[in-house]
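The following blocks contain the structures, represented as structure tokens.
Same chain, two partners: subunit A is paired with subunit B first, then with subunit C.
Then we have the complex of A and B:
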């Protein structure tokens, strides 16, 4: 919309040779969907029909909300670029698998409205949309977002709330491998560590995602957790546990590098990732909520314009 | 007389605080978690605003220009103390609910804003009309915002349950972030209506008014409707 008008007036496209590289938002989003597929499949394998239901409601509500709001705002409909579907699915990945259908619909609609459309649409949003939906729901219905409480039918426990309420002794038996394979309770897709990792590496390999944010985020998490762990190993969990539990990997590969709300240059990206990782551990350690990843993402999103002030100096510039 | 009515009614829609006149946001965001609180706060503001406007207007020629703000605050503060004592005497539960925000009316931007912008320059009767209009407008806004937030956030309206027992309150709305989001959406809605109205009357928009055109389809929608009406009712051919 506005950006198109600006580009029309500011940049004159001169004569050939010009060649479109073939990169479209639609293709990017389709590849992101492909990257999310393994985790979705694993979630269905672990949680069964409930997971399918939550993902379907979230995707459907997100796409329909986007179309409806775009109709209201008189924008051209963009349902065919799948960005709403990706946002809906990412949002579903953060929920417990047995979330009630009305909560999923409300959350997905708010993801699109408050996370994207009030700022003018995809690409205009200063915050990570799925994290907004998650945050609103966590504040509103903590009981329905409580992973342990919602997944009572399973014998397993949620590692992060165990750590929060029962200390490090409660999680001593949990092996890193089982965390990686998602053999503990957790959010629908975010807890399938290995599959999220595969998806993230696929995007990295395609060059769609640059390594700066995910790697610096994970390094930030590791270093901060290590610091706490060195202070008192009895009180604070090991860094490897923090790296693999909850939605750390999900935040590293999908939420932190959310395209419109993360910095663009190398140094800012590294700062952004490191701060995000440190903040996540701090929220996990002192916060009310067991998993602080989406909150850390949101807070860092708000810092993005500031961090983005660090810019490369043009040649000859002062 | 006509001008008095105009001074009164401008506070009800044209310059309704805090939606048009974005002043006094602190109490707006803090106490609008229920419709009752909004109404109570609004009543207190009506009382203070109308009286402070009259008093300031009466003494406007006596006060030296350099110390006027201090004088405005002294006048508003005495009135607020009166309101606080009246509330303690006759509406203690409401007083407990509003807490610190009753004394804070002293520094409410609307009181100072109207004193500075209107009462300091106009005669007492017009100032009274202005203060009453602004105060009632503020009450309407706060009650409206409070009603929206309360009905979604607690499932009640003025304390009466709205939905069945199966309703899970959308707690986000009665908490601080809900206040900001709600206020923002209402402001957006007001801007939309503004553009819509101006278009329908065929008036040009205020050049200072930034409607954020990229996110709003009001103009285009109106044009479409106008084009349609033209199609349906072709202009009578002459001759």
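Then we have the complex of A and C:
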């Protein structure tokens, strides 16, 4: 009789707290997908079916690679949190729209393997996974990653390489509005400035993204570019050009704040953003690659543990 | 899914009500409270059933029977008092003896008074002579309204409480901290306003607001419920018998040890078999598995959480998103600490200030992968404490 009594009155016990704010990784990733949607749509509008193909291969390869590696590593599958899909898409956004399918697949797989799984999975990685995929491909197949060479079909120019190879005169005609609207050659999604901005602002508005890193990164870009511009306006492009061209906005809203590889304290987040912005301009100015954004992100990622050492004293600590 | 607000201050709807006397009580006892009654013994309301073996005036209080009845069982964590047996034929019914009101309460002062309070059931651990005394008048957690309810409906009792404490511990200053925008005062106290958004309502943060210092050593903080208990004893001059507990939007004065089930029946709140039910608030409360548990004297609320209202806690890996860092009032890195604890690197949590953690639960509350962050931290603290104790005992032996 006693056991009956017990069984009918057992309630679930858990350790406190019993409430949760309701924010889950899955929801964050769904919001991120939604935020990427405008840029993806704009990319399809600009580059047509090629863009669809690249995004599809990248997304698919990322999800499948993750599932496969997790199986190998005896981990529980986590495709349902959509983080692999988001990483795949972010990676696709950095590619030229006409990238060959095999390279997209290899890149997406490397994004997942080198950017995530070797560190134990999403969240363990000290580097921004999509930027890793991009970097490996840029070094391995520079020709296929060259935006100008790959996008010959379109009679447009890529602003950053123009700047790199022909100086400020070559970009004098490029208006900020055309940069925002993505009316120039550029990476598939990253060059759709306005749409990326809208996506980023959406994430900020929904509380899925903190303002610290995006804002400080853009400020860093602006100030550093302004400095160069003031030194010699003939030689160095205006800060606004740098803010809107290449993958600046993409880096600000999606790559720099990549959760596992960015600092967690407030002041370090600001420093990280500022340094990242400055580094990107420096790479653009002196580096061999026209767009330094993903490299700047990766380099700053490596500094994250150091920057994160700037910590406040714990409560009551003396 | 309901939007969870961490605001604790509320517009009070009802007044303090008395819950009916239950037929049976399960009076909780702690490890250091030793039973002084035997099974089948007849006890009167207010009779001591367990004592704390300590000579100082500052200790856990004695435990008293809260109804007239017969001791049915003595468990490690509770003393069960059931109804009086029916008198045998031809015999006079056994009469339980209730204690007399303690008249000395008005004349004693200082440690003697503290000792008396302890014997009457007050936990005097929180009191120290001549410190600043802060009364935390904020509702402790979202959904728990006892503090504001008592300040509204039990001003008289609280005043008695303050007067007794003035004699017992002679505090330097007495301050009461209440929610911003609330016009609440209390006899003998300076009012300080503070944010009412959890976790700003927990003791260390309230002390910070009231004094401007983090963890000062000459300050005592007690809750309104603590003060009410002192006032209640002072008013009745009898042992402490009841707890003030919120259920839903109502607040009840219940006899200590009343089964949770009885109170839920009285309150008439909905709950189901797969809900979670906890003593105290939703952030720090202790979930119970069965409703026969007796309500402890310091319980502030019964929290009911519908099944599936919140995502379940899962042993997921930390994704280093930093949400917990931004939410943590102790300015530690809960995510990082939880990883150390997860891989049993407890020593590493010590140097990273796991001790600063106030166990507010915010880290688990905000974690997007539903990691049991605070649980890991508690585990680490427990291990460190056990280790320290072990080291200390080794030293003593050698």
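Here, the second predicted complex is superposed on the first by the 300 of 318 C-alpha atoms of A that agree within 3 Å, B and C clash if a C-alpha of one lies under 4 Å from a C-alpha of the other, contacts with A are read in each partner's own complex, and residues count from 1 in each chain.
Going forward, a contact is a pair of C-beta atoms (placed from the backbone, for glycine too) under 8 Å apart; a residue touches a chain by one contact, two chains touch by 3 or more.
As the structure is a prediction and not an experimental result, all values here were calculated from the model.
> Let me test your reading of the model: by the given contact rule, A:148 touches which partner, first (subunit B), second (subunit C), both or neither?
Touch status of A:148: no partner.
> Which holds for A:120: it touches subunit B only (first), subunit C only (second), both, or neither?
So A:120 meets both subunit B and subunit C here.
> On the A-aligned overlay, A:210 touches which partner chain: subunit B = first, subunit C = second, or both, or neither?
A:210: touches subunit C, not subunit B.
> Hey, is it subunit B or subunit C that touches more of subunit A?
C
> Could you look at A:312 and tell me whether it touches subunit B, subunit C, both or neither (first, second, both, neither)?
A:312 sits against subunit C, while subunit B stays out of touch.
> Is A:79 in contact with subunit B, with subunit C, with both, or with neither (first, second, both, neither)?
neither
> So, does A:140 touch the first partner subunit B, the second partner subunit C, both, or neither?
The answer is first: A:140 touches subunit B but not subunit C.
> First (subunit B), second (subunit C), both or neither: which does A:285 touch?
Neither partner.
> Using the superposition on chain A as set up above, list the residues of subunit A that contact both subunit B and subunit C.
Residues 120-121 of subunit A touch both subunit B and subunit C.
> Over in the complex, which subunit C residues touch subunit A? Could you list them?
That would be residues 1, 3-4, 142, 204, 214-215, 273-278, 282-292, 303, 305, 307, 310-313, 317-323, 325-326, 329-333, 335, 353, 355-356, 358, 361-362, 364-366, 368-370, 372, 374-375, 378 of subunit C.
> Once bound in the complex, which stretches of subunit A touch subunit C?
That would be residues 6, 9-25, 27-28, 120-124, 210, 259-260, 262-266, 311-317 of subunit A.
> Under the definition above, what is the set of subunit A residues touching subunit B in their complex?
Those residues of subunit A that touch subunit B are 1-2, 72-75, 103, 106, 114, 118-121, 136, 139-141, 144.
> Touching residues of subunit B toward subunit A in the complex: what are they?
So the residues of subunit B touching subunit A come out as 168-173, 175, 177, 181, 184-185, 188, 213-217, 220-221.
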